[in-house]
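In order of appearance the chains are A, B and C, and numbering begins at 1 in each one.
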Amino acid sequence: MKQPSSSLKYRLPVLVVILEVLLLSLYAGFVTYDDNANAKLQSNHTDPMDNSLYKDYLFFTDVQVMIFIGFGCLLAFMRLYGFGGMVFNFLTATFSIQWALLAQGFFHFHSDGKIHLGVINLLNAEFACAVVLISFGAVLGKTSPMQLLVMAFLEVPMFAVTEWAVLKYLKINDAGGSILIHLFACYFGLAVTRVLYRPGLSDGHAKESTCYQSDILSVMGTLFLWVFWPSFNSALALPGDDQHRAILHTFIGLSSSTLTAFALSALLSKRGKLTMADVQNVTLAGGVTVGASVDMMITPAAAFALGVLGCTACMFGYKYLTPFLARRLRIQDQCGIHNLHGLTGLISCFAGIVAILLASEDVYGPSMLPALQRLIPGIKAGEGRTAQQQALYQLAAIAATIGASLAGGALTGFVLKLPCLAQPPDEFCYDDEFFFEVPADYDNTGASETPCSPDEPKA
Amino acid sequence: MKQPSSSLKYRLPVLVVILEVLLLSLYAGFVTYDDNANAKLQSNHTDPMDNSLYKDYLFFTDVQVMIFIGFGCLLAFMRLYGFGGMVFNFLTATFSIQWALLAQGFFHFHSDGKIHLGVINLLNAEFACAVVLISFGAVLGKTSPMQLLVMAFLEVPMFAVTEWAVLKYLKINDAGGSILIHLFACYFGLAVTRVLYRPGLSDGHAKESTCYQSDILSVMGTLFLWVFWPSFNSALALPGDDQHRAILHTFIGLSSSTLTAFALSALLSKRGKLTMADVQNVTLAGGVTVGASVDMMITPAAAFALGVLGCTACMFGYKYLTPFLARRLRIQDQCGIHNLHGLTGLISCFAGIVAILLASEDVYGPSMLPALQRLIPGIKAGEGRTAQQQALYQLAAIAATIGASLAGGALTGFVLKLPCLAQPPDEFCYDDEFFFEVPADYDNTGASETPCSPDEPKA
Amino acid sequence: MKQPSSSLKYRLPVLVVILEVLLLSLYAGFVTYDDNANAKLQSNHTDPMDNSLYKDYLFFTDVQVMIFIGFGCLLAFMRLYGFGGMVFNFLTATFSIQWALLAQGFFHFHSDGKIHLGVINLLNAEFACAVVLISFGAVLGKTSPMQLLVMAFLEVPMFAVTEWAVLKYLKINDAGGSILIHLFACYFGLAVTRVLYRPGLSDGHAKESTCYQSDILSVMGTLFLWVFWPSFNSALALPGDDQHRAILHTFIGLSSSTLTAFALSALLSKRGKLTMADVQNVTLAGGVTVGASVDMMITPAAAFALGVLGCTACMFGYKYLTPFLARRLRIQDQCGIHNLHGLTGLISCFAGIVAILLASEDVYGPSMLPALQRLIPGIKAGEGRTAQQQALYQLAAIAATIGASLAGGALTGFVLKLPCLAQPPDEFCYDDEFFFEVPADYDNTGASETPCSPDEPKA
């Protein structure tokens, strides 16, 4: 198979150097330590164990494992694109977190005009990174590393602006990030892939398939995401009982969604067998669905029901909606992020609104107002919002987030079409050989001409 | 190879829906939040950082990694049953934890007739789940997912009753769960596999073998179990020095058992080579062996010796006892759980008794009685048990646990024979193709007709 | 292929038994619990949550994952040496930690002539273990397990003496262990491999290559090391802001080094493609480079720059220095540890000296002296060292460490040549079949005669 001369040799180094010079300049000019990391502000009277580090670091490492290992393995599900899935995830995640530290910090400048850096900033930046990686799922295997870096370069600040604006002006409750993270990431990614539409990929692709080992690797990624998802959904909740509930609800929602995924996978398969793509993706739907109400007093039973509901929507999305979007709307959603993050995110948002409308003194206790105020900054701000008004603000946040992400994604898509970003040609999609030195056995599976499951979208 | 029409298409969904309706009804009717997760009970005077969450969550995630990733990888050791090992472990574990939350909660109803849910319940439920997964090891590759779910459905409440009765009435010390977890799980699993005895599998099976990648994956599972085993053995110990000792002893016991396993593996192998099944299983024996005395003042040297002892018993068990049990008693113990959990568990129990008999003021200090009272609830209860009496109670607990597990396992085995649970026929044992859509390369290793190590039992 | 009769059958058991008898005797004679693990010293007035366990255990498990899973996967990068890489790492690490508990404890005997064991000792022992595993990288695939155990047996006490002498007499600042861990490990390993020089391996080896799955496994190892490296660099820093900065700097340094590694990998490759060996190793350079100044107020920008610098040195080292060392100095550095630990370690040391020289009241606050005293024990000791004097002491520590490690490594190399340690012959290097029972598919990749990347050194 004749290969075009490589596209990376100069383009990737030039782009990385530009980004690094930018990052280094901004670090040098605008970043200092936050009080908990600053020797100058620690005195003999400071108890070292009170440092914010010890509250945040556990959650930080859990989310790190999800981002680098969970996503990395999950995205390595393709037979000939294991390097690409795992390694481009590594590259994109690394850049996204660095860039998000600066972009998010810009909206929280201290009076001295500096970003004050602590582990809490890393934690927030990881969430911005998760946004980029979810969007990445829509274009997996069809993009060059230059395109991915530029996408991250544009998406991170767009997300940071949206996050800042929605939290500051609409003051919503979204502890698990169902609105800000999952909806933004999903619709951004869909807009990008719509703009990058490729007729040549619309009938499937010989290399777009899994193999036995890649399926197992991808399930490992799922398991890492599953195990640490409670940390993801609770990391930014308030310490104490709020964080405690977030963990319980996420665990229960994931569990019911996993059981449902196995049932539906057998039921909807032609031969009544389990499909690995379902095990890899649909099991996780419950983690997203509980997100927007994860720290509220929704009851464990409601968390269970939300998991079942989210999983069902996600499964039918993979089965019917993804092919429809691809055929009719020319949205080639590689990993089906619209199912795992879009549909579930929307359900989560509406569940969050219901939870706000149903909040009562009976449940939250005589101190209901303070309790709700802690959960929902809009009420906290003393603006006297009623639950109904807060529900409207949540709706407004959904609309604003989807609007911003669609616009941003479309714009980003057009930028990614720049020839200098060297999008791989159709015949080299889903193919490590195009970007990597590959070992001799890389395609000796004998399966190269007989794709095993070319029509299974995954994420 | 002609395949029977699949057994899962309706059976699995129907069973899952029944179980989910049951779980959801019980959640709705009987589960609420515990005080640390209840907004109603938190006031302005509550310090959020005092929440029990922060004491339990670290141990919870460690054990989660063991259950979903450690067990999952370890059980994926077979060449053609990687999906089955990892994915049925996922399904079984998810259901078991949910079900255990309710079953264990039933024995700790609060005065309001509700189960009060917190992370500590999740932690306890994980241990019940570990019981099911250990038993699963005896029937790996020979059971349908319906059988596994029904086994979990029966085993979890039987375990919960036994646990409750033994702890309430016999008041034993068993921080690492050697009696309650390992012995119960082992003898339950052996009884199940005895009842499910299959003559067709008694001469080995062409598919019952490993391949290079599956062996490596399985060692990764071992390493995850190894790394987090100190958390497993200490999670339910008392905070402070007891938990501290539990971690030290587990680490030392695992280490000496690992060194011994390498030595014996080379010594007992025909050609003097290391056997991967030994590395995957026997190395872990020390973690079980220190269990029953893990929080006592047994000295680091004793923990070291226990690791060597447990490993030796486990290794000879694999070599001589497992084949004997299979041939003479028709107990087809697929992963050799009797070696890794039964023999080691028994040694651990007797070591625990010795530790109780040898407890002296010289070691525990002038506050020996309070210290021992904390460790051993029987003494704590002010019933004036002497060490000798406590030793008899520990023996009674061993007998009761083994008795209950054998009876429960036999009963469960008969239920699992129900035709509607669709046990796979002999020729489709150890074969992912029977339950999964498999990629094209799934059996192109060229090794399908030449099993590499059909006679190596593993766990 | 005719195989020599195995070398392990009696040699490995005999060696392990000798070592175990030694360990057990020393445990029995000299090891007791430290105050936080001793029931005797806990009273009703002790708050269990104040136990040092809760400060150290999180870092301990993070480093455990690095050692057993991170190193294990990373070293399994060879096509036919996956068992060896992962399993010999397991064996060597297990022994090294046990042995280091005793060797390091010897230098901190309490007045009662006993080693007082707590989780903090395990943490320190893990660092000694990391030293052995880094050195292991130089001789990977060319050594028998007996040689590895003897190497650990000699290296651990040599490291413990050096560590004790340098910290006690030179009183240097080296929170991330760049001097003591990375330089010692690197030059020790180089000296060993120099003494073990094999002409037969100087032109490459047919089995010295990767395959697709082994490359992916190795990247997973890299990701585990990457994710938990901040814990590694901060575990021994002072609690509070020092530890907080160590985490921030490590994360930033790793990130900039990762971005740089991708750029240089594409730029320096003949066909402009990414090389997996670079992704697996060079990305990690930043973690070492920030080590010696990781807890100082060096600014985030400096951490970023150090990551770029270290990565660049490491990459050019792999490209030009490793081949040079192999050809001219007969140093066959299998994994290129001189690039990832030596060059980066040296840069780190000099950065640490600059950080000391530039320390000013402007940065550390009016309490600069106490702050610096906390960071740099030499100043703390009230010996009135100036920054310039401290810089000279740091230089002396570098020289002393390199000297001790070269001498110790050379000596160890000569011991490893003893015929009873059964070094594998050239033709069975990098070959699991020599030491393990291997499954039938172990070399059916069809690539056995066409090494894919025999000239890519890796670590």
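In this section, a residue touches a chain if its C-beta (ideal position, glycine included) is under 8 Å from a C-beta of that chain, and two chains touch if they have at least 3 such contacts.
Just so you know, these numbers come straight off a predicted model, no measurement behind them.
Turning subunit B onto subunit C with a C-alpha fit: angle in degrees, nearest 5?
120
Looking at subunit A with subunit B, do both copies bring the same residues to the contact (over half shared) or different ones?
Here the answer is different, because the shared fraction of interface numbers falls below one half.
Can you compute the centre-to-centre distance for subunit A and subunit B, using the mean CA position of each chain? Integer Å is fine.
Roughly 34 Å separates the two chain centres.
Among the residues of subunit A, pick out those that touch two or more other chains and give their numbers.
Within subunit A, residues 58, 213 contact more than one other chain.
Provide the residue numbers of subunit B that touch subunit C in the complex, in ascending order.
55, 58, 62, 79, 209-216, 219-220, 223-224, 226-228, 230-231, 238-245, 247-248, 251-252, 254-256, 258-260, 262-264, 266-267, 269, 271-276, 279, 283, 297, 299-301, 304-305, 308, 363-365, 367, 370-371, 445-447, 450-453
Would you tell me which residues of subunit A are touching subunit C in their complex?
So the residues of subunit A in touch with subunit C come to 5-10, 12-13, 16-17, 19-20, 23-24, 27-28, 31-33, 36-44, 46-49, 51-53, 57-58, 61, 64-65, 68-69, 72-73, 76, 82-83, 86-87, 90-91, 94-95, 97-98, 117-119, 122, 145, 213, 217, 435-442, 444.
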